[in-house]
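Notes to accompany the following structure.
For reference, chains read A, B and C in written order, and residue numbers begin at 1 within each chain.
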Amino acid sequence: MGDVTVNVNNESKKKRSQLHDVWRRFRKSPIAMTGLCVVVFMVLVALFADVIAPSDGRNPGYDIHNLGNRFQAPNAEHIMGTDEFGRDIFARVVHGSRVSLLVGFIVVTFSMTLGVIVGAIAGFFGKVAENILMRFIDVLLSIPPILLAISIAAAMRPGMMSIVLAVGIGALPLYARVMRASVLTVKEQEFIEAAYSIGASKFRIIRKHVLPNCIAPIIVQATMGLAYAILWAAALSFLGIGIQPPTPEWGAMLSEGRMYIRDHWHMVMFPGMAIAIMIFALNMMGDGLRDAFDPRLKK
Amino acid sequence: MSDILLKIEDLTVHYITDDGTVHAVNDLNLSLNKGETLGLVGETGAGKTTTALSIMGLVPNPPGKVINGEVEFEGEKLFEKSEAELRQVRGNKISMIFQDPMTSLNPIMTVRDQIAEVVLLHENLTAKEAKEKADEMLLKVGIRADRAKEFPHQFSGGMRQRVVIAIALACNPVLLIADEPTTALDVTIQAQVLELMKELKKEFNTAMVMITHDLGIVAEICDNVAIMYAGSVVEQAGKEELFTNPKHPYTIGLFNSIPDIDSDDSVLKPIKGLMPDPTNLPTGCPFHPRCDLAMPQCSEILPKRTEISENHYVKCLLFDGGG
Amino acid sequence: MSNTLLEVKNLKKYFKTTKGMLHAVDDISFTINRGETLGLVGESGCGKSTTGRVVLRLLESTAGEVLFGGADVLAFNKKELRRFRENAQIVFQDPFASLNPRMTVAEIIGEPLVINKKTSNRADLYKRVIKLMDTVGLASRFENSYPHELDGGRRQRIGIARALALNPSFIVQDEPVSALDVSIQAQILNLMDELQKEFKLTYLFISHDLGVIKHVSKNIAVMYLGKIVEMSDYSSIFKNPLHPYTKALLSAIPIPRVDKKRERIILEGDVPNPIEPPPGCRFYGRCFCRKDICKDTDPELKQVSETRFVACHVAT
């Protein structure tokens, strides 16, 4: 058996103690907790969108056209009003959270996975590998994201895939750089040398000693990256090269409402606020996480 | 006018943190005469640095809080002074040397400007005069005048500590607090710096509190010694007396823990156990769990400061006649 | 079986820097007998830690030979190197940096056994980890603690237990007590003494503290700027140092005594830069008894008596 971990008692006890410390520090920051609450709320809204704003023909739905109901200002029945097709904006904002969060999570997973691998290899092995990978990252950084998105959207069909690719490739360098920087720091620590001295292989050293000590900055980066991804997805959809109508997407809704902004402010106001609150909350949470992971920074 | 320059009475400083209250300094009593050097000896966490910061009025608040006690400097109570008045004392009458010469200098100012800055702050001099004074100080600490325009990173550790000393002495302070000034230096460089401090102390007639963990440095440079344990002074005496006739079990334990390069003894007699957790100090005498001579009542009664012979104070029930 | 465990011959380690070659270790030779301790003493930057690492091949040497039990360490292939590392271990200076903060005490101590497949099942591993903890005086209740929850002395015990896990015959002690308080330092030094006797260990003990070195070593080598300037049994080096640097080093130590005053030799200047050192004696610039010959000719380490070696033109 190649790899027995010295898992002496139970796994849960030891895992808890470290996360516990982070959580304890996180909990103490009101700003971070506000961010977390809003984010959790948004996720719940996205999960239960069909319950909160069902589209079953009886209620005004996010996808049911009702031209008699066009451009209603916010009122008791439509608390956020209706759009140019008479669809309920509240329902569309609620369902839009699904799209935004989904895009955000896919983008983060995509760019984080690639970025972590690239950064870890570059940081740990250095020399030629580092030069090739980091120059590649520099090339990615030198392409304006909008240009990249437009080219990808032009090459493929505009939609979810093109957003994920465009925003994901745009965000990849961030993860790679954060990862490389922390691997470089961890690599110089004495416990890495200690691992060599007891005969550990490079693979084991990366897996058991380097990666676990690089997780914290990556988690923080991922939280901020989620905000970044949602914002860019909205921006691309606004420009018409992302999610296409009639799918309720916040950026696309902004784009639709843009034409009517003079008379019907509510059409841009509410999706705009949804984006702003989401981004704001994620960034607050990210800041809180960073302080919680590394309390020394704050002193 | 009395000779007493600094007097600390019943000083208690706590740090209030999420993990509990850190009892950094507990009921500490110290006094220092003019021109005298006091060695403040203790291990990590004994409260040496907090004591020094209290004298400077620099205990970070929050989390630090002076719970009780007085610091009297030149007959005036420091805790009653305003922040503006304290600033006049700091750097001028009392100055401090920190442990790490790498971080206690500003990396983007020339060493001359850094010395001149202190002089300008406290003395009524023109910029030109301050620079001249700076050059003069550099010369005194053994740095050639042509290096005055260099930046800290161009100096070695020992040279930087000389610059720090020059800054500390620039305003001719009455009291110099040196917090482990040579710990970051190599032995041969340490010897140079200690020699320099000895000379300058004589020249400026400055009183000094020398914070250190090294009893060797105390033997070298101090007149009086105070041994700290768990935030309080457990023994204080003149150097000769303390080194030849130590009384407190902790002091004796410290001496037995040091490998002696002059004798052939090969077994060290360390103090058993570990430093107590400052958020949860033992009841009674804080040293009793590690003490070989502990008696049953040691865990109950906090010993008082007792003068067992002239100018020799011990905080231990073995010598506490009153109980 | 010869009595010599480790033999180092003309070992060199240079580092390439932007300013030129840094001569960290420059042509040093020494031997250590089984069960004995060689103390390697010197100031920061003299190459003592580099020596320890090159001997264990944690760093690759530039030139020279390292013979361990007669076998050429520098020629070992991967497999032999792995076997060598079971025999030769290291205890690091910094008990904070040398332990992975994300692993528990038991995981850290057990890791060498896992990596080298010394155990077949968890129960056996657990038993051996607890036994190791007991050997170094760590209570078993700390098995699931993380290093940051423990104090410096206990952390250093973890480092020692990890080094002992594979039953080595040789341990490089790289400043193992310099990060600790005196009272804890004494406990750890005593522990190392006991372990050496119990397991017949051979130590290369690296320190900047002559007091510690004297306490643990049978023989002492003094390093200055990549060179061994004096090597001797411990008592004669303290009673009668020959090399001017050794003299200065000894006299520079503040002694915790008031009854004895010793003469101070205060050296001028700082330790020079080890990058591209000039020819001649490395100590020339700071020496208080230098002669003309010292400037151009590097003194060799010469045997002056059965147990004493010194590299100096003046002192013999």
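The definition used in the following text is that a contact is a pair of C-beta atoms (placed from the backbone, for glycine too) under 8 Å apart; a residue touches a chain by one contact, two chains touch by 3 or more.
Quick caveat: nothing in here was measured; it's all calculated off a predicted structure.
Colleague: Quick check for the class: compute each chain's Cα centroid; which one is farthest from the centroid of chain C?
Modeller: A
Colleague: In terms of C-beta pairs in contact, which two chains are most connected?
Modeller: Result of the pairwise contact count: B-C comes out on top.
Colleague: Could you state the distance in Å from the CA-based centre of chain A to that of chain B?
Modeller: 51
Colleague: Distance-wise, how many Å sit between the C-alpha centres of chain B and chain C, to the nearest whole number?
Modeller: Comparing mean C-alpha positions, chain C is 32 Å from chain B.
Colleague: Indicate the whole-number Å distance between the mean C-alpha point of chain A and the mean C-alpha point of chain C.
Modeller: Centres of chain A and chain C (C-alpha means) sit 50 Å apart.
Colleague: At which residue positions does chain C touch at least two other chains?
Modeller: Not one residue in chain C touches at least two other chains.
Colleague: Across the complex, what residues on chain C touch chain A?
Modeller: By the definition above, chain C touches chain A via 53, 56, 58, 81-82, 85-86, 89-90, 92-94, 97-104, 106-107, 109-112, 114-117, 119-122, 125-126, 129, 143-144, 146, 159, 162, 165-166.
Colleague: Chain C touches which residues of chain B in the complex?
Modeller: 43-44, 156, 158-159, 186-192, 194-195, 213-220, 239-240, 243-244, 253-262, 264, 266-272, 274-275
Colleague: In the complex of these two chains, what residues of chain A are touching chain C?
Modeller: Contacts found on chain A: 1-9, 13-14, 17-18, 189-191, 193-201, 204, 208-209, 212-213.
Colleague: Which part of chain C faces chain B closely enough to touch in the complex?
Modeller: Spelled out, the residues of chain C in touch with chain B are 43-44, 151-154, 181-187, 189-190, 193, 208-212, 214-215, 235, 238, 248-260, 264, 266-267, 270-271.
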